[in-house]
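Structures are listed in the sections that come next.
Shared between the two complexes below is chain A, which has chain B as its partner in the first and chain C in the second.
Moving on, here comes the complex of A and B:
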């Protein structure tokens, strides 16, 4: 009986993999486009609570906890983000707001409650640390897929392997990167960055995914700085999509008065 | 048969065995030599477990500090200094190439192209950007870089000098021992750059590593040169290859075996121990020269050599043993200095001296026994200056007569000299600086001078403030949690959570608890939620309270301390957490100068820092404060690496702390290489005093034992005491710094220079016992015996002179002072001893004549 079950499972597996093989994409831009959508554009909007444990090369820890709200202006296009910090307690209610543009620079605002200060921030590039973690802003909001030249390096049963090189090498700190994209979910599962000496120095890995409201979603991931030995683990919980957020939510008003209704945990 | 007799007879009977055993030992020792390991790290002047050193290492780890190579770019021509597109482009290229080098910690490299800028944006925004991601295309762009740097206190005078003429690249390296290689690689890149700018490579690690390389050069040149010099001198005195050859063999074997022993035991060769060959050679040849020349005088061709040799040995054995022992004691006393490389040096030279003695009494007889009668006859041909009409001879007998006639005047003169010297000694400046170990025109010295001229200073010291953990530890938190849990009936789940938590550090313990409580508040029952939230709140409060250096009061103290330090002339600049917080705060508040201040609350500080952490280099923060915010470092850029200046800064800070007490529970301690140098110097100064005193007492006891007379023992110590006093007085008068080599010299010269007094008094006693008259004794004493003493002084003094040719200053210092001490102490012996003895009533008793007669 178990034998039979096992054999059926193997058969089923083979059929499924055949199906996926048959559906293998060969157009690298299509793969990258789908990966971009899968990673950053699930649903029309979404919320999640994130917790980061930042660990330096000596194992010393810091924690950051925040709620992130997102609304897409168009699928694969512009997006709004609101990031409201809850921990550590001394930065509670600090807010970042980002209007991501696929054309031109993003708009960024920062609200510091204890300075009662709203500040418009512009940044030369998006490859700066996200609040002291090993994640970059670009890892959180998504790198513009048109900034790189992509090449399909190969594929196996589970992954497409994409090699990407920047169109403007002077604007970034990497010389190239490789992405392993899950063939089923199109989630980028591992990204490895190489420096000008072609040494791998940075790695972003997905550790756990879950399907939320039909969308395969990353719930745990990690960035490792291979030079310093430091790393940051990020965990997403209380994820909800398609909540019907209004465009007005992402305005200066929300910086000073974070929208409680969206920040509360869904029960 | 006496011990001496037995040794001589034995050695002469079995010369072949002695040669074989010697050859085997030399081969064994020589086999160790290739595994030589040089160590020039001044940190190793302290034992590995020395508390200041341990603290320094811990701080390096805690604040992620690396040893730095500092590369300076100077432009004196361009009106805007380095702020011109050409120089900045070169700097950019250089920095990019250095970042690629293996052994460089590239993410920590500091240069204009690798740091962030924060500036105001039209319309009230602020902009975070690389300061100079690409070199500017024109002068306007270069001017923008200048404006940016001048607004950032952490960069101004650190990355670019205040006058805009010099820029610096700070290159952190994984391992200090690679700095010479890296400096060469950097130099290779520099050589391809536009020669319009000057480049300098500085920094303690480069200095140390370069010193090591040049040390090898000096060992390869100075030591053989010293050997050659001694050989030539002896040739000049004796004109006999047979005689000189034997002495040279004794010297070489002592050197090889001693160095082999040192290296074989796994000791590294430090600055001091690299001088062992040069110390040993002159000392080692002296005894064999004594034996051989006296043997040659006594030996009649055709006789049995054994008899002549036995007579010689009976006569020389005791003084040779004692001179060797005293010299060995002088060196061995260095073991009382708590500085491992100095201890290793002292003990090994002491070993080498005793070995040379042993070789002299074993090998030299065996050598003579193996000579054919023809060669023995030729030994006779050596020439010793027995000419009583020679210049040296006439000068010496005049000295004797003078000392006798003008005894009182001489004593007054020496007393006056001693008094002056004492004043000089009181004026001695204790100071050292490893960079000064290079000559004035060495490229490292030049780099050091130029960089310190332009910049706030390139010598590092760190003042570390730590908040003790009492009252805010995990135990206090646990007590509060227990109370709350009881209130909400959550004792059991709390205990379970706590058991699953491993860490003891408050912040991560708190983080783990918060994660678990958060989970429990969500998954547990609705009525428990309030309890869990209260627990979370308590943990957060405790965590916040524990983040001490976010508190504006704590920062305020740091800030005032910094202001005090910055006002100090010796401190070029200080960098610390308040500098960073104030800069970011000013930009957040619109960039006006009056906003350059500390925020009002802990939350405001934390939020200011969170803004900074959204930069390209967030971890720069951890060089100033630890992630738990319980320890903060003030980085001082000092203009001078002189220990004296560092000590002055320490004293001034102590004075400040006395009038402005540290906040409760906060302690302040020093770290940094400049500070470590002060620590080992202090240890050395006090250690040297112990060495000097112990050597003095040991040598005095040996002298009393040798002469069986307290007075003679004290007398024998007189010339060297006057000499050492005089030399160190001179150092005080001239204003030469009392540094490592000079300190080491004091104890060991004591053992060396007593030799003259031993020989002098031995002969004086022997002659007096025979003649019974002091003037006659002096007359005879200033014939042969004084010539032997002078000759010895000359051999040793000149033997050290090749050190004067060394490329490194400590060797020159040692060479100069040893030569001077030898010459002066010989002179003092010949002048002072006859004068003092002349004034002592009852010379019969002094030289033990009566007892001798009674005994007979």
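Moving on, here comes the complex of A and C:
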């Protein structure tokens, strides 16, 4: 009887924590794991239209507009991405495809319509600019949570504050970073990166979120380069999850012939 | 030429470009804090087709005089590109047209770069019918199993890289099995040769005179295969991907894309070519590794006829990786193994211009991006240790904003001998600049 009661309480606790009503989590790895799922693995698949406005230190602006399709091979694991650009004119109809692997190197392809060329590109440094913006590839597709040591620095009513240091400092440009994770949604709301002199030089902030099909989703965010004064703002719209994408969607066929069925705006 | 520019201007005024130019460049108010206007998200699919394209001015000139060509310019053009695409039901059409006034090959020229209808008759089948540019294979500016037409004149004169591929009227059917192997079949009913160096813009080496020749006397005008269904080109590719590794098998039946056969009357023509090949590409040691093989089977199976190209085995191995952030290195080794070399040597009358049995080529690509990717510095070089010649392609491009970009670069040829592949183009060495407004 006592055992049964204890098990029921544990079960109840687990259920409650799933809807984020439970007491604070103290296991930092669990917090980071949930944040990773909340930020990058909503639903089994998803589509969104994105726009970025890139502003350099002198205030000059450029923009990028693209549609992004994502499918998870497993929650928290490998994922496929297809990014189809519509603006500006010189990158229109360019397609970028990534098979993201949590073990081993990613596979990346680029389709250049002027040459009808499917180019394989090396996995390379994931902490370099994504299409000329202040976002890094890793900001868009997610950084492997096992690449850093995480520590719970504290928490208040709204946020967990996590401090992270890279396991391989030579592979990244930061010495450490801090993340404020929303206790309700587990979305990382602010990330601040520090250099070896412990100066904050880069900041990623969520400006607006929205709940889409039950998933709290970032709809507006901004990256600021605190050294140059440049920044990029990104906005997502027309977001849909669980559309039932097939694994075969992420193939050379979609590079050469972007899949209209998934690219057109849902009604 | 003057008429050409006037024509272009008239056309310009009637296009969206004129309207685009008329707007201030920084109409980005819809990107402000709270005014992400709904309409500004519109894409072609939502608001109907729009005209896109670019307007470009290009100028390039020789570094030294060419003794047989009195034209100092290698590129002098003002070009308008118009593009439009739209779905009509399940059918998608795409049009890309170029109109340019050319100061080297004087006059106003127009060309359809794409006039394409694509649709999927079934879940697994894609069809693309019409004028189009096609590319496959793994090489970087080296083509083994890609026997689709190239435009070497554009490439040598500093037009954008995309112009290296010449369009052809083609039917392409792609069957995707969903697992394992996929199949591309390409039929080009009318043989489409390369746009080869024919002596008009650049001179070429003639073994008959032992020197470079050019138009008008040396204008290379080969006999083309008759327009006959039997003279069409067929190309096929069976391909797939396993884990991260891509494999492909290729076949081609058609003609050599350059006129490298001579009939008894001394007339150049395109002889028959059948090619078979294979390629592999995948992640390798933090970069991309690839290899490709092709067997070229010509008409001269025994190799004894010096007026016909011999069979060849072509081999490529390449590797590309990021050396450090923003700096990418690519290296390729390429081998052309001329078959029956002894038979050729025994029958060509001791020609001093006889090609080597093994033509080897190394290429090096370095790309560096800076200033938030707005500046791209690029180096590409071909160097042949067997021919002792080279072709260097340095370039710099800068994106001022989303519309305006500038590219400056060079095409520099040289070699120990005047008859080798790149050596013959020494006097074609040029520098160029292109300013482009995209819309």
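The rule is short, and it goes like this: the second predicted complex is superposed on the first by the 245 of 267 C-alpha atoms of A that agree within 3 Å, B and C clash if a C-alpha of one lies under 4 Å from a C-alpha of the other, contacts with A are read in each partner's own complex, and residues count from 1 in each chain.
In this section, a residue touches a chain if its C-beta (ideal position, glycine included) is under 8 Å from a C-beta of that chain, and two chains touch if they have at least 3 such contacts.
All of these numbers come straight from a predicted model, not from anything done at the bench.
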So, A:196: does it touch chain B (first), chain C (second), both, or neither?
first
I'd like to know which partner A:227 touches here: chain B for first, chain C for second, both or neither.
first
Going by the contact rule set out at the top, does A:251 touch chain B (first), chain C (second), both, or neither?
second
One more residue to check, A:146. First (chain B), second (chain C), both or neither?
neither
Just to be sure I read the superposition right, which of the two partners does A:260 touch: chain B = first, chain C = second, or both, or neither?
second
Touch check for A:63: first (chain B), second (chain C), both, or neither?
both
If you stack the two complexes on chain A, which partner ends up touching A:170: first (chain B), second (chain C), both, or neither?
first
Which partner does A:158 reach: the first (chain B), the second (chain C), both, or neither?
neither
Is A:99 contacted by the first partner chain B, the second partner chain C, both or neither?
second
Which parts of chain A are in contact with chain B and also with chain C?
51, 53, 56, 60-63, 87-90, 92, 112, 114-115, 117, 120-125, 127-129, 131-132, 230, 265
So in the complex, which bits of chain A are touching chain C?
49, 51, 53-54, 56, 60-63, 65, 86-90, 92, 99, 104-105, 107, 112, 114-118, 120-125, 127-129, 131-134, 230, 233, 235, 237-238, 248, 251-253, 256-257, 260, 263-265
Along chain A, where are the residues that touch chain B in the complex?
51, 53, 56-58, 60-63, 85, 87-92, 94, 110, 112-115, 117, 119-125, 127-132, 137, 170, 196-197, 225, 227-228, 230, 265
In the complex with chain A, residue positions of chain C that touch it:
26, 28, 31, 36, 41, 43-46, 52-54, 87, 92, 118, 126, 132-136, 138, 160-162, 164-165, 174, 176, 178-179, 182, 239, 241, 244, 246, 281, 283, 286-288, 290, 320-322, 324-326, 328, 372-374, 399, 401-403, 405, 438-439
Could you pull out which chain B residues touch chain A in their complex?
61, 64, 100, 105-107, 121, 123-130, 133-134, 507-508, 511, 514-515, 522, 540-541, 543-544, 547, 550, 588-589, 599, 601-608, 610-611, 613-616, 618-619, 621-622, 626-628
